[in-house]
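The structure follows.
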Amino acid sequence: MSHQHQEKVSYWAIVKNGIIKENTIFRLVISLCPAIAVTNSVKNGFLLGAAVVFVQAMVNSTVALLRNFIHPRIRIPIFMLIISGWVTVVDMLMAAYARAAYKEIGLYIQIIVAFASILARAEVFASKNKVGASFFDGLGSGLGFLVALVTISFFRELLGKGTLIGFTIVPVKPMLIMILPAGGFLVTGLLMGFFNWIDMRFYGGKGAGGAGGH
Amino acid sequence: MQIGQEVKKGDLIGETTAFVSAPVHASVSGKVVALMDAPNAMGKMVPAVVIDNNGKEEWTQLRDNPDYMKLTPEELKGKIKDAGIVGMGGATFPTHVKLSPPKEKPIDVVIINGAECEPYLTADHRMMVESPSDIIEGLKILMKVLGVSKGYVGIENNKPDAIAKMKEASSGEANIEVAELEVKYPQGAEKMLIKAITDRNVPAGGLPMDVGVVVQNVGTALAVFEACRYGKPLIERVVTVTGLGVKTPGNLRARVGTPVKELIETCGGFNNSPAKVILGGPMMGFAQYTLDVPVAKGTSGILVMSEEEHSTSGKFGPCIKCGNCIDACPMGLMPSMLSLLSEKGFYEETKEYNLLDCFECGTCTYVCPSKRPIVQFVRLSKSLIKR
Amino acid sequence: MAVAKKEQELIVTVSPHIRNDETVSRIMWTVSLSLLPAFVFGVYFFGPRAVYVTALCIVGAFFSEWLVQKMTGKEITLNDGSAFLTGLLLGMNLPSSAPFYIPLVSSFVAVAITKQLFGGLGYNIFNPALIGRAFALITWPRAMTTWFEPTAAFVGLDAKTTATPLAILKEGGMQKIIEIFGDKMSLYTDLLIGHRAGSLGETSVIALLIGGAFLIYKKYITWHIPISFLATVALMAWIFGGREGFFTGDPVLHLLSGGLILGAFFMATDYVTCPSTRTGQIIFGIGCGLLTILIRLKAGYPEGVMFAILLMNCFSPLIDRNMKSKVFGLAKEAQQ
């Protein structure tokens, strides 16, 4: 789909596009490091996902707002400044009001600055579209990331610890490998394959191969 | 040639001026009835002269010459050329061309190839048993033409009778040696034969003359003798007719131009259920769609394979990288990689694996446990790469 | 039979027109057969549980193969024996104490993920059985290192557990091992026969050697990988294995214990995942040997054969690329 919306496209379609068709993890295959690093529990996965939804939406809006004033030659540094600004906001908010969670995933919150997905949406969408559409694109893309993280962490926590959001679900011996990094790769890869298979089987797609920002 | 013209056996009926070519002679006496295109062993349509056999078996004037060894090398070469002799192992490369190496490639060894180029074939074997001294005479002529002092006859050691006969025939000749060779395919391939007998490696992409060797088939040596001694042109050859699909297999002396159908009928006709008729051997021969193809100068065998003994290259499995083909390849290539690259369409990359050194002997395909059509993949790559 | 009539039915194909009767499934079943002696010894020492664990692995392997091939719409190839062989090898690499889910899950990982998802037979990068075992070892470290004492009698589930010789060696050194086994000679004898704790199919060196010799005799494997592998391990164990300094190690102990013989003859020689050329295979064997000793002596695990082979599997394509076979006539040209 073209990222320059000439005709009116509904905001809902933009959000849906971010969640499904251009899902950061399963379709665009970017920002995999955090997806594997924090997804050994659903709680962590959800928190990072939520932070990304906020940052992405705000960054997209800001970039869209300023898009006519940013010289194309220096747009990437400017985007980075905007991103780091919003990440700092989240970081400080969490440090102030969610101490426990901040202790666990604070490091990853700061690393949001370096997420390829954030910069990618700013570059391919927000810098070419109006504020409203950009906001919803950020929202959708962030939600897609959130959904992916929660899905991955759901399986990893369930199989690796036998728990979900901390509650014991499966009484048998869990599979330790699932909460180790190797398990992250395994689950992400298998899920990606599974979604590709669904896409091919039921929607006649060609899989995600090389889908990056089409 | 003109339609209606009368010819006798041995009359010249086809000739070109090209250097790498050999003349063709009438193999029967009779009247020319047509000049047309007819299929050859490879299935190609080629120009042909059709002669209606009058059954009189009249020979043209032949120049008998009992003192042929007194002729100069050039005269002998001329006789070989005029007799239309070509490599009778199957390649049909004109013999007189092979006998004219460029000056910078001195030749010091002549090898007579009695190592039966393919399984099933026994024509060379029969010839060695039946006319050993004529073959040795042919070798001596070849040695004289090339000015060479060393001649070998390479025979696989599963033919003790041929080895004994040839040794007996060459017992008086100090510079002719009968070499017993290990039985393996493709022992009869020039490069392998030269390696086994002289331990010389023909360089990749090179010719035997690069290491000072000329190889000639047993049948060729015999034809050379007959040409020089009796002035007889090459109009007949020994053909093996064999396979489970034919009633009484055997070796026939057949005129060049005899339809395959007649040879099979002479051998009692088909047996059981013939599945394939192959001109040449089972490894490199050509399956025929019609039995009207004629015996040519290079037709070493007619193989009638039954349903059970032949294999069609149909379904095949994935390469399990067992390495059997690498062990089997006489050229030391990696057929497994060639087939994988070709299968996936990486034709250019096959050159990195020395695709062009493959002479398509088919051994890799024979040994492949996954029944992969390796040599077919190689041919595909060869036809698609940019040379 | 009339010649002319038959002419219409002739088959026309390209050469070669004959093939030998070797098939992939015959290779797979023969290799499985060669594992039989070692498996019988395993059953003798570890009892019916050995059969139970191995049977679950084979069932799991068959099911996984069938499932993926069904899902991906490929031809079902259960009878080519490759799934059976993977299941059997995996079973022989597990402790007889393994609870039921270990063989089932790890055989799924081995066949469905390691082999089929990478493209099926011939396209996998890693040895499927070993990935199955590595997965199990990392996932259930406790269960995978609980070894039943070999009793040579058919005992039930309440068998005593003990440590493997290599684990004892890592903890307590040579002294401790000899203490447990009596003297050095009875240690070697026990190791040779297989009277020791370990995975159910890896213990009996004699039975494994019989199987390995059979495979070499049948020309299904060559000496290159096993010998270079074993020689490297022996040499390195001798040089670096001792606690009193260089050249004080015990190469015999290192050769006879752990999964080395099983690995060297049956796992490292897996066609698909080892290099195809002879030179490449020797490099591969040496690499496996070096990594094995490195892990045994310096890393956290007492045994390193599995990870050594898996790590070298990664290098197989690279080795093949750089160690092409010698082309006839090219060598001489290079010399000139």
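For clarity, chains are labelled A, B and C in written order, and residue numbers in each chain start from 1.
Everything below uses one rule, namely that contacts are C-beta pairs under 8 Å (C-beta built on N, C-alpha and C of every residue); 3 or more make two chains touch, one makes a residue touch a chain.
Keep in mind it's a predicted model, so treat the numbers as computed, not measured.
Engineer: Looking only at C-beta pair counts, which chain-chain interface has the most contacts?
Structural biologist: B-C
Engineer: Chain with the smallest distance from its CA centroid to the overall CA centroid?
Structural biologist: Centroid comparison flags C as closest.
Engineer: Please identify which chain has its centre, taken as the mean of its CA atoms, farthest from the centre of subunit B.
Structural biologist: A
Engineer: Suppose each chain is reduced to the average of its Cα coordinates; what separation in Å results between subunit A and subunit C?
Structural biologist: 42
Engineer: How many angstrom lie between the centres of subunit A and subunit B, each centre taken as the mean Cα position?
Structural biologist: It comes to 70 Å between the two C-alpha centres.
Engineer: How many angstrom between the C-alpha centroids of subunit C and subunit B?
Structural biologist: 48
Engineer: Name, in rising order, each residue of subunit C that touches subunit A in their complex.
Structural biologist: Residues in contact with subunit A: 71, 99, 101, 105, 113, 117, 135, 138-141, 143.
Engineer: Show me the residue ranges of subunit C that touch subunit B in the complex, using the header's touch definition.
Structural biologist: 1-4, 6-7, 10-20, 22-24, 26-27, 80, 119-123, 271-272, 274, 276-277, 320, 324-333
Engineer: Help me check something: in the complex, which residues belonging to subunit B touch subunit C?
Structural biologist: Residues in contact with subunit C: 119, 191, 195, 201-206, 261, 264-265, 269-271, 274-278, 280, 282-291, 303, 305, 309-313, 317-324, 326, 329-334, 336-337, 353-354, 357, 360, 362, 365-371, 375-376, 379.
Engineer: Quick check: in the complex, which residue numbers of subunit A touch subunit C?
Structural biologist: 172-173, 175-178, 180, 182, 186, 190, 193, 197
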